[in-house]
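The same subunit A turns up in both complexes below, where it pairs with subunit B and then with subunit C.
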Partner chain A sequence: MWPIYILNGLYFAALIFLISLGLNIILGVMGILNLAHGSLYAIGAFMSAWMIVALGKGAPMFLIYPSLLSGVVLAAFFGLFMEYFLIRPMYKRALEYQLLITFGALLLLEDVIKMIWGGEAYYASRPFDVLGKIHILGNPYPAYFLLVMIMALIAGLLIWIFMYKTRIGVMLRAISLDREMATALGLNIHKMGTFAFVLGSALAGLAGALVVPTTPALLGFGMEPLILAFIVVVIGGLGSLKGALAGSLIVGQTRSIGIVLFPEIELALLFLIAAVILVAKPEGLFGR
Partner chain B sequence: MGLKKVITRPKFIIYLFVILALLFLPRILSTFNLILFEYGLTFAIAVLGFNLLLGYTGLLSFGHGAFFAAGAYGVAMIAKYFPGLYSMEILIPSALLVSFIISAIFGFLCVRHTRIFFAILALALSMLVYALVFKFYYITGGSDGLYVKVPSMFGMTFEGIRRPQFLSGIYYYFLLGVFVFSFIIMKGIVNSPFGKALQALRDNELRAELIGIRVRRYRLYVFIISGMFTGLGGALWSFINGHVTPDVSHWVFSGEIVYMTLLGGFAIFEGPIIGAMIFTFLKLYAMGSTEYWMFIIGITLIILVLLLPTGIAGGFKKLADRIRE
Partner chain C sequence: MAKKKIGRREFIKSAGTVGLGLGAAGLLGSSVKVRKATAAQTRSNPKTPIKLAAISFLTGAAASPFGIPGNNTYKMLADVINREGGILGRKIDLLSYDEAGGVDAQVKLCRKLVLDEKVDVILGYISSADCKAVLPLSDELGGLIMAYDCGTHVLMEGDKSPYKVPKYTLGFRTKAHLGIDNIGLAFMVKKYLPDIKTIAGINPDYAWGRDSWLIFETAMKKLMPHVKVVGTWWPPLFTTDFTAHISALMGAKPDIVHSALWGGDSVTFTKQAMGMGFFEKSKMAFSRGEPYPQEVGKDYPEEQLICCAGTHYFLYPPHDKWPLNKWFVEAYHKRYGKYPTYPCYHAYQAMYTYKHAVERAAALVGGWPTIEEIAEAAVGLSIQTPSGHLMIREDHNGIEDVLLGFSKKVPEFPFPILDPRRLEVFPAHMVNAPVGVRTVDWIQGWKV
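So, the complex of A and B:
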């Protein structure tokens, strides 16, 4: 069974990677920790699930997978609104206010989700069911999990290429390295901030859209992944993309193996690892 | 400052009048509102501790719910496992001990960091408490929580007395006494050389270190003191609520503690207390009037941050300054 546990760990890691990547991009470029990030993830999940339910059972295949993207788009839109109305006035304010405004946004968005989709659970398992199972070393394994891993890999690669090979990516990295210098060189920090925020939100929405075929969307859906993403950020270092990757691999594998070996203290184990890393390297694995 | 100078200050006279007025509160308010006020008092003790960390040391913790829960569960566990020891004079010190242990462990990890890293780390660690309370349900009662019965106090037992009666009687005066005591202690800490050192450290860490303040150690002390105050608030809260659930260790509750502090205004010593009171009433009435109470709380918070960043106390102070001119 061990190959399956490792694969499960990679699957967890893929989802958490997408969430923490978004969180880290926003954190790196804007210096703002978005406490409502989990809600954007939940919005992605609800929208995609709703879309698939609305398409009905008879919908053709080529419509089903693209409809998952609706969650990404909606999360990006919410991110755009949030950045424009809430985050933008906060740039020059103290940290407390920046955190509290995203906390306010979290409370707000949780109830907005309740208003739009009601309090009930949304099941949308069709994308998961149609892919069926494949055999890996003699063990059946859902093919959809592999698809999620591939999607996360592609998203991670695209972000990496974007950040390191394109002009905008270089600008974003310049801002996260030295804000004042970047401003002095004439970069439009506000525009880039908006862009980073929307990108991060879209990644959260993507994670939500990908997870919803495997588990029903419920109220308060984004809370647990958000905490895991925070642990990833702490392990990997604030604002570091490499850190997000390494952190989510550690978190994913620890969860998967922890659930098998010590189901009761699986999360405590994760914290223990995080604590050891922090005592040895206080700024996180790839932090500055 | 001599005693005579203290008691002739206008602020002292205001405090005295407020406390005198509070003594008569059970005769004025209905039992429902009085109990709500008591909730507010326990939160006020908690945010008093929280603000030592935020307002005076400049560290924003999004994990103070863990210490609140430590105090509350400290009480509830004794109720369940050592019923023979279930009296106030044992409960309060043991709740303080539990919150001391937890805040010392968390503090050790957190105080190496500042700003966002500190906030995330405190938040994540508090969620560890939440997860453990959930997972070890055969000890902690899991999501059902634990029942907290009416305690005996200083040799008096309250067998057969219903909780509202207990709460609106002797417990109110006890709570008020503890609150005044914590207020004085905290005021003393803030005005002591230690408190001044903290403010120096908040304003400029490097400068504070250069004049010989041991930054990390001081932060650890503050973290522990702050955690213990919050734990005391949690312990006192558990008697009012009669029931302790893991919700108080969830980071959303920690966020509410931050909210209370900012609502009142963290730059002013009394601000968070006012914030705790207003928040308690605001939340309950919002919950009573609509299903979407989180929406109301969230909108209020956003408007507050955008328009009144110094909080209610700060707003009043500004107003008073303007009138004086």
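So, the complex of A and C:
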């Protein structure tokens, strides 16, 4: 069963990677710790689930998978909205204001989700069911989990190419490294900030959209991924893409193997690791 | 002459003393009859609506498979009772509230309902955590609370056996507690799966899950001492991702897995386990599994051991033998398009325990009873329910038989039902500890 445990860890890492990548981009470029990031994940999940349920049981597959992207689009849109109306006025203020504002946004978005989609759970398992199981060394394993890992890998690669090989990506990295110098060089901080926020929100939405065929979309289920994303940022380092990858792998495998070997302390184990890193290397494994 | 005077004075004095004494005894003693006589003369018979607060999960994971069916049943039964004239001529004004928000929110809500809104009764609570926090408020605030679904056995038990009953004067649980589910499961495993060697458990990490496993493990150790526990897992309540737990369970290779997962957790767990191939190698023993074949649908796996939290099942008692179940199932299905599940039956029990207790108390006092009188009248109440009979004992717990079976696909229904050839009912005295005896102590005292 050990290959399965490792694969579970990778599946979990894939989801957390997408969420924490988004969080890190926003944090790195704008210096904003977005507490409402989990709510954007939830919006992505609800929108995708609703779309799949609305298309109905008989809808063809070429409609079902792309409909997951509706979650990405809506999360990006909410991100844009949030950045323009809530974050932008707070740029020059102290960190506490930003935390308060994003926390307020978290509470607000929970109620917005309840208003739009109601209080019940949304199950949308067709994309998961149709792919069925494959056998790995004699053990059954859902093919959908492999799809999620592949999607996360592709997203990670695209972001890496974007950040390191395109002009806009270089500008974003410049802003995150030295904001003042970037401004002095004439970069449009506000436009870049908005772009980064929307990109980060879209990644959270993508994670939500990918998770919804396996787990129901529920009120409040963005909290746990948010906390785990913070742990990844602590372990991997603020604003670092490599850190997001390393942190996600550590968190994912710890969760999967921790549940096998130490079921009583599954959650505590993660916090323990985060605490050790905070003490030994406070800036994180790849932090600056 | 002097003697005569003294005699008369003495007589009057003693007569006066006796008279005063009788009068004092009449006033001070438990002069229920006297109180009743005066009460009957001054007892009011109000016609204002009864404010009945019903509290269930209306949002979140537990809503769709659980809280909403419970609340729907309260709505349906309030309409039925009102159509028949209400309770002693008073219509029910049903106020539905959401149990979501955690223990603190529920304590606040309970205070508001009892102290501000002055509701006549609260029929509520699914979560054992909420019950444990709220039921002490019944006596503290002077409100009648009937817990309709929570299951932890420690709610009404004391610290050691024998313990004093009742724990709360105004707090009731109108159903049997988790003892019947988990003892029943152990009996079923012993009867139908005598060759198993290993068991495991996956239960939600709070009172309900911990207590369910405790009773099941205690009973199994007594009945099948050679069976080994190969692992226990404790996902938090309302977990949405059980994939790691499912893989760990598959790796531990138990012959059967005990679970008190309920509501959305049970549905999510089953769906994820189905997708991961869990049921190819293992089977589950669900202590509260009855609603979920209908929730999951036609793909729900066969041969899973399922307990009905009492004898609550839409096909039991059979409709030809027990017309009340036939009526209940047909009325609920007509109104809501689904078959009723055990939260629905529990809601019936709470509603009708209240109704019958009020009517019984009113007959004794000759008018609308106080909540203390209703509470007194509820003890010893035995009522017919769609599932058979419910008795409310002096420890304020309900006492019920328990029904268990194995899931089986049949052409007549779009989801698996309990295999009629292997339906078992264990009578109440086999699965409920006697009054004042802790369930764990009772099991450990069995001779097998």
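Please note the rule applied: the second predicted complex is superposed on the first by the 288 of 288 C-alpha atoms of A that agree within 3 Å, B and C clash if a C-alpha of one lies under 4 Å from a C-alpha of the other, contacts with A are read in each partner's own complex, and residues count from 1 in each chain.
What we mean here is this: a residue touches a chain if its C-beta (ideal position, glycine included) is under 8 Å from a C-beta of that chain, and two chains touch if they have at least 3 such contacts.
Here the structure is a predicted model, which is why all the values come from computation and not from measurement.
Peer 1: Looking at A:Phe12, would you say it contacts subunit B, subunit C, both, or neither? Reply first, second, both or neither.
Peer 2: second
Peer 1: Touching A:Leu278, do we find subunit B (first), subunit C (second), both, or neither?
Peer 2: In the superposition, A:Leu278 touches subunit B alone.
Peer 1: Tell me the contact category for A:Arg93 with respect to subunit B and subunit C: first, second, both or neither.
Peer 2: first
Peer 1: Going by the contact rule set out at the top, does A:Glu264 touch subunit B (first), subunit C (second), both, or neither?
Peer 2: Once the two structures are laid over each other on A, A:Glu264 reaches both partners.
Peer 1: May I ask you to decide whether A:Tyr144 touches subunit B, subunit C, both, or neither, giving the answer as first, second, both or neither?
Peer 2: Only subunit C; A:Tyr144 stays clear of subunit B.
Peer 1: First (subunit B), second (subunit C), both or neither: which does A:Leu27 touch?
Peer 2: first
Peer 1: Taking the superposition on A as described, I'd like to know which of subunit B and subunit C A:Leu219 touches: first, second, both or neither.
Peer 2: So A:Leu219 only meets subunit C here.
Peer 1: Using the superposition on chain A described above, determine whether A:Glu120 touches subunit B (first), subunit C (second), both, or neither.
Peer 2: second
Peer 1: Once the two structures are superposed, pull the subunit A residues common to the subunit B and subunit C interfaces.
Peer 2: 114, 264, 267
Peer 1: List the residues on subunit A that touch subunit B in their complex, please.
Peer 2: Subunit A residues touching subunit B: 27, 31, 33, 35, 86, 89-90, 93, 95-97, 99-101, 103-112, 114-115, 223, 227, 230-231, 233-234, 238, 264-265, 267-268, 271, 274-275, 278-279, 282-283.
Peer 1: With touch defined as at the start, can you tell me which subunit B residues reach subunit A in the complex?
Peer 2: 54, 60, 62, 109, 112-113, 115-117, 119-121, 123-125, 127-128, 131-132, 135-136, 251-252, 255, 258-259, 262, 266, 291-295, 297-299, 301-302, 305-306, 309
Peer 1: What part of subunit A is in contact with subunit C in the complex they form?
Peer 2: For this pair, the touching residues of subunit A are 1, 4-5, 8, 11-12, 114, 118-121, 123, 125, 128-129, 133, 139-142, 144-145, 211, 214-216, 218-221, 224, 255-256, 259-260, 263-264, 266-267.
Peer 1: Provide the residue numbers of subunit C that touch subunit A in the complex, in ascending order.
Peer 2: Contacts found on subunit C: 58-61, 63-64, 68, 98, 100, 231-234, 236, 238, 240-241, 243-245, 247-248, 250-251, 264, 267-268, 271-272, 275-277, 280.
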